[in-house]
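The same chain A turns up in both complexes below, where it pairs with chain B and then with chain C.
Up next is the complex of A and B:
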């Protein structure tokens, strides 16, 4: 009985995904229509990319609220550079900019000697406002559209809505990113150092694990993935507003935690995050199909975030008792 | 040099206030007029009222990021409930909504031992959603003039700056001072207040010395929720509307203001007067930037930078302390 309970706890997310899907399919047959399934696959794009980056931050025992600001900034800067720099130049600049934003967070956290999640939370929260306001100042508050561009943004259009065979391009980007990050996390020394950092910073440092390097790495990865998410996002909707990233930070944290990566750090996997994102997207889709107002969806997400963290904590408590 | 550093770190808020005053002295604006100073104080009152409750949670080693959500929900409730019940009852119920949320926060954070930062952040998100649903994402106007007078009225005067006449004291300032005195007393002269310092200083030591840590820490979140709801009611009364958007930035600013004053996230240090100074700094910063007619996006950027700088300094001080021990 105890074992059944443990298995159920470990795969609770999967069970919830299946249950939710089944329930929705019964209540609202539109759910399993091909159009809706393609829609779900498309929604996978930006959020999963941001969440994959966030996974490393949380495994490392920190948190990053600045991804919303990073997305805002990267989206408007990248789209505005398509004209002057060309598409490849803009793409590269955007990704570098995101990584730099992440690295700045890491440098602030390192120089301040912040070791708790709380300190990181507040510093990155402040940085998010900072990046967002730079995005607002840069655009003067206006929104950039693809149709205003002098050059054809065909590469970005392909990223946003093209497809390779049956898979959309953004889904392929996700698969490639997932494979690289999974190999990085499980097969390389630098990747495992991140887990060790998150498990116990003092012990890791004493054991000779490069803690500082891990911190720089996790935030740079988070910044890079946020930039990638921003590019996929504005390519899909063909516009970039300086507030485009609002809410991404909480959704990403929600996805990571729901997936089963613990906020206490040290344990977790990018594969779990994929499940978490699937659950969050299914939930949004279900609530949409059931006609729940978008305001109540906000509330539902907050409630699930609180519930998931509580559950995560229970797991820890019960694990210690065994 | 070392003494200068200590002064700078311990009295961050005073140093920053001095800098702002110095800059404004040369700015050639009406910053130092009686009208502006009173206005500045008046507009900082709600932040200070929120900060009083948050200070308790931070001293006890926690924090409360749900105050933004509590603020907007209670603000909207205080107006909508007036349609069903008399004004005083509506106000009490609105404030009690914050008490209830604080109770739930306390259960999750203290009783179930979860991370206060993330849990209260999630709770804030939840409540913002609830507030949007309640108000249908539109501002909710109030119609009762008595309600509006709570925050906009004056005592001992009419609020007019006619020559040589005392303009009176705004109600908000009076409410703030009463709350301030109560909290300062609570933290300094009661067993509850002193227990909180002990709990924030070292949770386990406090537990072993016989302090009921769970109840005491739980109370901090209940108080913080109640104060946030009171702030929400006062804000709605001041603006004569309730809206789901007022709380966006509040949680961050209030928690930072508390830290600026010298109450550290490490717990166990700080106090009510320090928090008031810290929050006054933010009110002053807003006012000064408006006076200098800095565009709003630049204001947000500056405020973000100030917040990061302050938190950086707070962490850095902790690090120095750890390394010298």
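Up next is the complex of A and C:
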């Protein structure tokens, strides 16, 4: 009886995804139309990339609100550099810029001696505003479009809407990123150091585990993945405004937590995050198809976040016995 | 034999409790007489804490009956237990640090107290009744452990408790504070309040308990009046085997200098200078807060300290962080096992392999087969009691957790082992095993720095003892030839070691 409960808790998200998909397919057959499935796959693109990066920050025991600002900055800078640097140059610069933004967060957190999630929350919130403001200053508040470019950016267009076989390019990017990050987290010493840091920073440090390096690493990964997400995002909509990333930080945190990675740090998985993102996106899609207003959708999202944290804490209570 | 309401305040019958994979309690029966101090002893993992948590309502029992003050208790919550008159004072005290003493005593009952004035007046009366002079408006965070306990006791009294359970209350107390606690226990007893006193320290059990229950492996081994127990019998019953001595022989024949420390100054430490020889155990003695822990943390690179010189085997080394210390051949068993030593949600194996991760990493990748070997080897060689190495370490008893931390360092074989309160909160059997490990480390050519608040432990195990008082080294002694009294005087900074 107890065992069944434990298993159910572990796979609750999966059960919810399947249940939700099934229910929607019955109520609204449009759900399984190819057009809608492609739509889901495309929506999945940017959010999952950002969320995969966020997973590392949360496993490491911290949190990153700066990804929204990073996305804003990387999107406008990258698109503006396609002309002067060419597509590859712009892509690489964008990814480096995102990583640097992440590393700056980490250095600030270390310098400030911030050891709690709450401190990191405020520092990265400040940095999000900072990066967004640079993006606004850089663009003067205007929006960049692909059609303003002299030459059509075919590589970015492919990233945004191309496909390889039945899979969209952005989905392939996701699969590659997932595979690399999963191997990194579960198979490497650096990945282990991140988990231990999240599990107990003090104990990890006293055992000679490189805690500071882990903190730099998690934020750099989050920055890089936010940049990748930004690139996939503006490539799909062929436009980059300096506010393009708004809401991504909360959706990413939501997805990670709903997936079952604990906000307490230490335990979690990128695979869980995939499920979390799926659930969040499916929920949006379902509510869209059912014609629920977007105001109500926000309420639903808030409710599942609270639910996910409640579930997480219940797990803790059960696990703490003995 | 009948547990009538008149004779027994608490009657526990055949209580069982299982957790996934472990039977924590296998049919426990204890009767606690009214107005008695009932000692409960047993190794960590014997089931004492589980039983107490069932009594207070933190856990639910699987089977069995509990009768408290004539009432059968089925399911309860900690709050209901309190109201019923059963209070528990946990080892890690349950107070709100950011609130005042008075507010803590009457937490959530300000209305009944008719506001803050009533709260503080009544709190004052309660504290006075146990001879505690702490101001009721002081913040709990500013209190010593001893005073926090007094607040907990006052809180228990405020509920008209009939039974107070104290879970290892003496762990962090000085001897004067302990004397005060004993006085209060006698006083409570005179008022007709029953007390269950859980402890590892046999001296305390023999000092003031009336009846003693010995638990082992989730069962009650024996319950009888203290006077019918001998010390040896009690130890034997606790560990389930005969222990010849409480301490092994100290290591013999210390050799040449292994480490020298010079010019260690911080805001708290003043000109610390000492050496450590190969093959010896060096004891640091001092009161809590005298600077013992600060010295070893500074050497280990755990705190940022500049300007001191550390020489190992004649070579100057710079240690800026624990990683440097590890590379220089140092290992540390930190003072606070749960907060500084363990990664609680992680497996036994991952906790053991933490420090030696470089040893089983190739091209950045963890080699799991080697890691499993490390976990299995340490569990076997240190006789760590665990169903398997995959189980989360928080499920192990204190002694076994501590052995995992020792194993973590043994795996990389540091030559200098720093142990800060290595036997705090662990049972007699595991203590002895840790002493033997210390001795082995020293005899294999390493050295141990031992910090402990238990004076007999330091005096029996160390080859040399340094006394620390107020951030200074106040003396160096050979514990084999010096009286404990002289050493303690030096540790208290009472001169005598000019």
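Keep in mind that, in the parts below, the second predicted complex is superposed on the first by the 321 of 322 C-alpha atoms of A that agree within 3 Å, B and C clash if a C-alpha of one lies under 4 Å from a C-alpha of the other, contacts with A are read in each partner's own complex, and residues count from 1 in each chain.
Basically, a contact is a pair of C-beta atoms (placed from the backbone, for glycine too) under 8 Å apart; a residue touches a chain by one contact, two chains touch by 3 or more.
Computed from a predicted structure; not experimentally measured.
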When chain B and chain C are modelled together on chain A, clash or fit = clash
Partner chain in contact with A:310 - chain B first, chain C second, else both or neither = first
Chain A residues touched - chain C or chain B, whichever exceeds = B
Could you tell me if A:108 is touching chain B, chain C, both of them or neither one (first, second, both, neither)?
-> first
Have a look at where A:199 lands relative to chain B and chain C in the superposition and call it first, second, both or neither.
-> second
If you stack the two complexes on chain A, which partner ends up touching A:250: first (chain B), second (chain C), both, or neither?
-> first
Mind checking 93-101, 129-137 or 381-389? I need the stretch of chain C that runs into chain B in the superposition.
-> 93-101
Contact residues on chain C for chain A in the complex?
-> 19-20, 22, 24, 50, 59, 300, 302, 321-323, 325-327, 332, 334, 339-346, 350, 354-355, 357-358, 361, 364-366, 392, 394-395, 408
Which of the residues in chain B come into contact with chain A in the complex?
-> 63, 108, 112-115, 117-119, 121-130, 132-133, 136-137, 249, 252, 255-256, 259, 265, 297-298, 300-301, 303-305, 307-308, 311-316, 318-319, 322
Can you name the residues of chain A that touch chain B in the complex?
-> 63, 108-109, 111-114, 116-119, 121-123, 125-130, 132-134, 136-137, 141, 250, 253, 263, 293, 295-303, 305-306, 309-310, 313-314, 317
Using the touch rule from the top, collect the residues of chain A that touch chain C in their complex.
-> 2-3, 187-190, 192-193, 195-196, 199-200, 202-210, 264, 266-267, 319-322
